[in-house]
Structure formats: C-alpha cells, structure tokens
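Once you scroll down, you'll see the structures, which are given as structure tokens.
Paired with chain B in one complex and with chain C in the other, chain A is shared by the two complexes that follow.
The block that comes next holds the complex of A and B.
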C-alpha cells in the first residue's frame, strides 16, 4: 500500500511518449498484460507502465498528476489469481496480469453499478453527460442496467458560489478535488468526512458553503472532477450531443489519445 | 411448422411513469415499421388501445413504477411476456419522475393541490378511481425480473430497431458504442 512513495515521477508528463521505457536500454524488466509484454522501470505501477506502453486500464480515482489513491477499484487486475489495484501496485518482472477479460470487466461493471445506485445519476439533466468518466466507463463496459436497488439519497446541491455549482448527488468520493485543492491550489477547500455509506464530501467553511471559501473557478480543483459534481456556472450544455468527448469514441480510445504528446 | 411463413411474434408495449418519449422514438423507426409488422403483431399497447395483455413473446415497458396501478400492469406484463424489456431511462433507473424521491410524497401533494399560490379551495384528489401514488418511484427491475435493458432518454429509433431486429432474429441484442447512451 505504500506504493505512492519512492515512485519515479514520470507517467504523466512523457514528452517522448514511451521513450523512457526499457527498449533494451536501462532495464529489461517486463510483465505480460493480457499476454502482451509491457516493459517497466523499477517502482512503476502496473497501470502507469501499461499506459506508457499504450494499453488502457480503466480507472476513476487515478490521475497522472497525483499519487495513487486506490479507492475506486475500477483498475483492478488479476495477478497470480489475486485481485490488485493496478494504479497502486508496483509492477514485477515476469508477472502475468489479466485486465481486459470477461471476469475483470464483469467485476468492474458491478463496481460501476454500485456507484450508480449509491448516488443520484440522472444523466439526462447532468451537464457532465457526454464528458463524464463514470458514464463513459459504463458505456465502454456495456453497463445497461444499474442492477441493484437504488438508494435515492438526499444530497442537496450547493449553489452559493457565484461561478461554480456543487451537485453532490453525483460524487463518487475519488478525492481528486480534495487532492487538487490541497496539493495544487494550496487551499484545502474540500474534504471527505464520515465512513462507509455515510461518507460524503464537505466544504471547508464554517457555513459549509462553497460561497464562503476562497475557491475560484480557475483553481485546478474546479476542473478535475471526473463526474458532474463541480460545475462551472453558465457554460453547461454548450457542446451539442454527438460532439461531446465520449459520444463517438469510447474512453479507452480517448484516454490513450490524450496521453499522446 | 409446415408453413412457409413463421408465426408472427406478439409484442405488447406500455408506458408507466414515463412521458411517452420512448414510444415516440419507437415510432421514429419510420419505414422499418412495415418490416417490423411483417414479423410481429401488437397485443396490449397504446397503439392498439387494448387494455389487457394476452400471452406475448416480447413486452416493452417504458417508464418506472410510481403508483399502485403501475405495479399491477407491470406484474401483468411479467406474467404474460416471455421476454420483458426495460425501455429507456425511466424504466431502468426511475428517470425524471424519480427526482421526487428525496421529497415527502405528502408534502408534494400538499404543495401542488393545497398550498400552491393562487389556488383557492383546492384539495388533494381522493377519487377511489385514482391509483395511489407510491412514496418513491422505482425502476422496474426493483419490482419484477427484467430480461433486457435498453437505455436512453429516449433510446434512438435506430437503437430500438437494432435491438428488436436482433431479438426477433434470435440473436442476443447488443448495441454499437454510439447507440448506447444514458441521455
């Protein structure tokens, strides 16, 4: 679990794409991802190495700019019969890793279904629809039903900030906003509180309202939410259906293209 | 069996707590309706105005379950239809009607029929003919077993056509990536 420490800081900013990755040069360490050889540097996680070699592994709480968080489990892969979070697990030479298999994708689908029923995801009225990573993964993994019973939780929105709306109904507790606000913006506007089913996102102000913080729509945290919680006001639904990020192409294709320099 | 033309499949459709948008989208398959009608005939449906559902091969259910009558109709569909399909967002996750789920139904009715500004002498409708609303709107899979789910708000005519033609031809229905959407 201490995978975040001592991890070479690469992965995210690869001006030369896979240039660094082991084409015979420094290291010959390799694992097999669904039968395909993936070279890696010591300390690199399975997900990072896979990605650098052009293979997509689904993820929600992982982001190239931050240490792994290991909460969503969408990135689970099977190694030697065990499930591991590929975003947090350092690769090992000779491993055989299963990722894009019916079994792993079935488990990912079940995780998505739990995320959907735990919140209120009414996509037709969500400004993030078409650009949302949760929804895009559901499409790519062909999740046609939420399968479980819905919780229909009561989560009032926070519209107190002049430029940004918070719709907590869609929060998946990935803590990306928490991390971005704390580590990149130096503000610490967000936090998760409570545990288990009572876990929820809170705003760091006495009133609990975003309008009473120094949050700005130019903060990194304002643009990092993978789903439709942190939304800039007055810009929603600007892109027509059909032209949104994941309308025509699945997230596994879009994500790998975004990695290209 | 000895006949050249196979028996037509019986199809029933209904809109529960929906807006008829999915039915409109169904009609949007345009000229494919002719092709479809070579292979199926409608049983209970807003298109036939039949009030009860006989034994059917395929049941298409639009809308979630918001009142007692919806529950009865849905159970009738499940009893009578070999294959039951949740058609569209509301049948699958409650959709727009389920946006009332975090409110108290009593308060909702009072707000609409008693305390709404400009309303004089209102009362909450209590005609025994009216089906009682449920405290929450439910997706249909929370009430009966559902065989297939066709998402979309509404699903496009193209998606509905693909889905039905797969099913009628005996294939497991599967949508191409751009046809699967939740909005």
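The block that comes next holds the complex of A and C.
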C-alpha cells in the first residue's frame, strides 16, 4: 500500500479558488468524487464536503465534533495518483477524487484486516456487536477473512469503575475517547502511550484504574468509542442482536444520518 | 509404563487395546481397551479431549457476556449452554424468580432445542444404523439412504428438526447463537407472526413425534436380543425432576435412582449440587468422572440423559408422552431398562413430550407481552442446572463486586455420562472383540454404543459408519499388537 506521504497540513495548500466569497452555488469551487461534482467551501476537507453533498466516505477515527485525527486511514481516497486521508485533506477545485472504487475499498479492507488481527475482536460474543463501527465497516466492505495472523495480545479488562467497563481487547487507538474526555468533558481521563505495535490506551490515574478517576458514565467519552472498549456495565445484550444500529441498514447509510453536523 | 489399569485386580497381567477416537488426530474419538491374559476386555477408556479450558475463557470476563460466550464453547448444544448460564447468573443479579414472560420464553426455547436435537440425533445419526443394521453398507447408512428406503420417515425427521430450529429462532432471535436469555430475564417477546407460524405446525409435530416413538419401539421389539443386551450395564440414574416428581427439563431439583429403581437421593436443590457430586480426576483423561459423593466412586456413578430421565421421573406431565412411557416401562416388566440402545426409544418419548409442551405453551399470552426482566439483591455466586438434550448440564459461577467472573465450574452431560460410556464400550468390546484383530465390525459396534449416549463430541456428529476412530491393540507389556484408524 502506498502511504500518503507529504499530506499537507490544514491550511497549507494554496487557496483552491477565490470566487466563493459570495454564497452562490454557481461560484463555489467543485471537485469530482467518483465522477460526481461536489461543491465545497474553502478549507473544507474532502470528507466533510462529500458528506455535505450526501456522499459517504468510510471513516473510523473521524467524528464531526472533533478536528481530523488522521490515524485510521479508513477514509483513504486517491487524488492525482496519491493516496490521502480525506478526513484531513482540504478539498481543491478541480480535483478528481476516487473513493468508492475496487482499489480504494481493497485498501480499506486491508486496513480493517490489520485492525482485526491487532486486537482481540471476537464479534460473536461481543456485546457491541451490531453497534460497532469496525464490525459494520467490515460487513460493508465485505471483509470475509482475517487474512493476517492474529496477534492475540494480552490485554486484561479494567472493571474497577462501578458503572463502566473497559475492555482494551478491542481498542483501535482512534483517540476519540482521549479527545472527548479532554476537550468535551474537561477531564483527560484517557491517553495513548507508546508507539507502533506497543501502542496502548491508558487511564490517567496513578493506579492506572478507571475506578480511581472522576470518570462518569454520563461523560461524552463514555459514549464515543466506535468499537467495544468503553461499555456501560450490566447492559450487555439487553437490546437483542438484530435490533441494533447497523443490523438493519449498513453503516454507509446510518453514518450519513446519525452524526450529521 | 505410566498406563494404569485401575479396575483390574492384576494390572500387570493385562494387555492393552486402544481404540482411539485419537487425541493425535483432531476430532477423532479414542478408546483404549485393556485386555487380561485370557484376551477378555477388562476395561475400556474413552479419551475425550473436547472439554478442556472452558474456565480460561470465562474467568475474568463480565458476567453479562457469559450466556452468549458459552455458546461458543461447545458447538453441539449452544442453546442449552446459553440458557443454563443465564439461569446461573439470574442468581447473581437476584432475579429469583425471573418474570413469567422470561421463564416461558426460555422454556419454549429449551423445548425447541430438545426437539431439534433429538430429531437430529435419531433421524440423521441413529436411524440409518438402526434401520439398516450396524454392518450394512456404509454408503447407505445416512439420512439419504433412509430417504430412499423410507421417504416418509426421513421427511418427517427433517421437518421435525426444522420445526425445533424455528422455535429456537423465534425465541432466541437466531437459529444458532442467539442472545435472548440474559442474566435476569429475556430480551424479547415472541412475535405474533412467529407464534402463528409455529401454532400452525404444532399438531403435526406432535403426530409425527408419536410416529417416531412408534418406530423406535418397533425397532426395539423386532430384535430384543440385540436391543436389550447390546452394551448393557446397570447404573444409577440422575436427572432433574419437578417438585411433584414429573419429568422436567428446564428447572427442578436433582434426584438419583439406583440401578434397581429405588430413589436414593431426592430433592437436592440446584444450588446444592456440589454437596451431591464429586468430580474425580483420572490421570489418563481430560474429562472428569463425577459420582455421588455419599456412594463413592465405585458405586456412585450414574447415567444421565433420556434413558435416565424417562425412568427417574414419576410421570411425564403430557398425556401422549406419558402413555408412551407406560408402554416403555411395560416392555421391560417395569424393571429399570438399562440397555444403551433403549436411549433411542426414551429419546423419542422425550421428543414427543417436547412437541406437546411446545404446542401447549404457544397460546400463553405471557410470551407476547409482559415484563421481561427482574432483579434483586446482588449475590456473589450462582448455579444453574438444566436437562440438556444429552442430560444434566451444570454451570456454576462466582462473580466479584467488579462484575467479573472470578471462578466457574461447568459439568456437561457427556461428563456425567463419562463412566457410563466407558462401561458400554467395555461391554460391547467384550461381546464383539475376537482374538487380537481389530475389525471394522468392532469399530462399528463401539461407535453405535458411544452414539447411543449422543455425546457432544465432534466425532459423534459424523454419519454412522463414519465416526473418526483410531484403534490400537497392545499386549500386557504395552506393545502394539494391532491398530486401526478410520477417518470420518
């Protein structure tokens, strides 16, 4: 897989056009997403502009409430022969962007396959099944095998908090909880530590235990995990499998309705 | 040689025959036969490796995940594990009792499982052998062969099983690996359209189940010399029964009847099972050997499953099955029927009972509406016992204040039947082992004996004549005399 080298920082691109100070649709800049014209405002990322125009681009670490994070690369698209993260890349007038193509979806499938083997994702007995974005993307992108060897990392659960369980086995290091706890809850309960294969999520407490923080099940961070790490206790399978978020409709449909900015 | 011969008086003089649903070959069964100097089978050992390490998966996990997770531990009867884990954990969340809706939904699911499992076993796995004979052409001994020779029987078998699966789907949410039973209750009601669908077929299922009992009885009656003697041994019978002594497969108390038919232990609450049973560890087996503590390991082992249940209860609380039970008892002159092949007959009586229970339960309004969850003071520990298709199934959990399972103990039906299966194989081997050569015919007979118990072993899910087995024959010095391997 070719990496997205030289991804420009936000705002570092020269302005794509100058003609959209007025709000008129005719004057707004446009790029082509899989051949379809997508208008955008200056500074808007490809992913944001695409969503605003009703086009879904898969994503995991991106969330409408937060600045782009650019870590999961599920939002990968092809622009002028380069692979870029659409959640972080500002759109540019006249670009031809490829997203829903066999090539890009193949890249995404490979990324998912790596995520699946890196943690311990055992969907059949996972209480997040049906509400999990990783699983929903795997279904939607037709990932049928793990393909790589499982790492089977040893990641014990943290059950010290009275209301919330942390099952680190499923963490994909999107840092949404880190960001939500810091920026929305004003608490800074979570952090990522180490790099590469040793990367893992930690709790900011001397003991390392969630029970020793001021974390609450009502925190924004308690509800933001796209997978099954941060779980309200004693809920489990209260909602039957089959009646869950992604059971009836694929994530590409749900995501466009749910997190509308 | 570390190989101990524990039941024989002169161990050093025994020769060894290993029939090896082999541990080396994945999914094979391995039986070791130990011969004495006269060439008589002294002991049989069925080596079972499937039930290792359950605990490692469960301990350290949150309790609410357990009823779903345990379904993965055993591919053979997931619904039974699902329900019994939920029952055990009802205790932990203080849901004693659960709501009427939860109780009835689970009960319906359970009897659906009994029906589908019994139908699968009898029609797909056992009937070919019973209809065509143990030594008949292997290629014929499957449900396809049955369909050619007896199209109605095969068709009814397939549809009975399908009906049981539909009951499971309607109650559990999915045909396999449902998530409906949760600690404290159930997470769904029965959909009105599912009830209608099932009610439309229920009478037919009862009628076909009656015909199946009839078939099992006729098989037995046509060749009593075989059916009454094949692999026969006497033992106690253990099962749950209802407070009034009725056959009860979802919930009840433990009862033990001795081989002569006298009730020796009764009224043991499920929470107290550990006071009744000891699990013996033997060096040659991964699977433990439970026995009734008060009677000791020699006399205290027992059999579980349909043959035990149908005779351990005082009556079956549905009329058609009870009538069949009466004729079952009459056949053996009301003496306890111990013949392993009578399991099939008893199994079909239970299938009829399950069909009646399902039919009678379906109109209940609590299935469609009503409170689904209950709760109460938290407890640290809970035991659940259910009569799974193959026999008594026990789950026992301890849960910490942090909601994680700290300890668990699972005793599956096949473990309860461990000693009984060894005994049946020994008897059969005694009857059919000729000299020092292991024949295909002997393997077939051993297979039939094992299969009568419907053990939850992957090797036992193969069509008859196809069970993967490996056979070793060794002399007293431990030297290999003969070995026979059959792949499934």
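Observations on the model:
Everything that follows uses one rule, which is that the second predicted complex is superposed on the first by the 231 of 261 C-alpha atoms of A that agree within 3 Å, B and C clash if a C-alpha of one lies under 4 Å from a C-alpha of the other, contacts with A are read in each partner's own complex, and residues count from 1 in each chain.
By our rule, contacts are C-beta pairs under 8 Å (C-beta built on N, C-alpha and C of every residue); 3 or more make two chains touch, one makes a residue touch a chain.
Keep in mind the model is a prediction, meaning the values are calculated, not measured.
When the two structures are aligned on the shared chain, A:124 is found in touch with chain B and with chain C.
Legend: residue contacts after superposition of the two complexes on their common chain; A:256 is shown touching neither chain B nor chain C. Looking at the shared chain after the overlay, A:247 reaches chain B, while chain C stays out of its contact range.
Of the two partner chains placed by the overlay, only chain B lies in contact with A:146; chain C stays clear of it. Within the superposed three-chain model, A:116 lies in touch with chain B and out of touch with chain C [touch as defined at top]. Of the two partner chains placed around the shared chain by superposition, chain C is the only one that A:238 touches, whereas chain B remains out of contact. Applying the stated contact rule after C-alpha superposition, one finds that A:32 touches neither chain B nor chain C. Measured by the number of chain A residues touched, the leading partner among chain B and chain C is B. Of the two partner chains placed around the shared chain by superposition, chain C is the only one that A:157 touches, whereas chain B remains out of contact. Touch criterion met: A:135 reaches chain B, while chain C stays clear of it. According to the touch criterion, the shared surface of chain A, contacted by chain B in one complex and chain C in the other, consists of residues 124-126, 241. Of all residues in chain A, those touching chain C in their complex are 124-127, 156-157, 159-160, 165, 167, 233-242. Contact residues of chain A toward chain B in the complex are 116, 120-126, 129-130, 135, 138-140, 142, 144-147, 149-150, 152-155, 241, 247-250. Those residues of chain B that touch chain A in the shared complex are 86, 89, 92-96, 98-99, 101-102, 136, 138-139, 141-142, 146, 148-151, 153, 174, 177-178, 180-183.
By the touch rule above, chain C contacts chain A in their complex via residues 60-62, 64-65, 67-69, 71-72, 93, 173-174, 177-180, 182-183, 187-188, 373, 400, 402-404.
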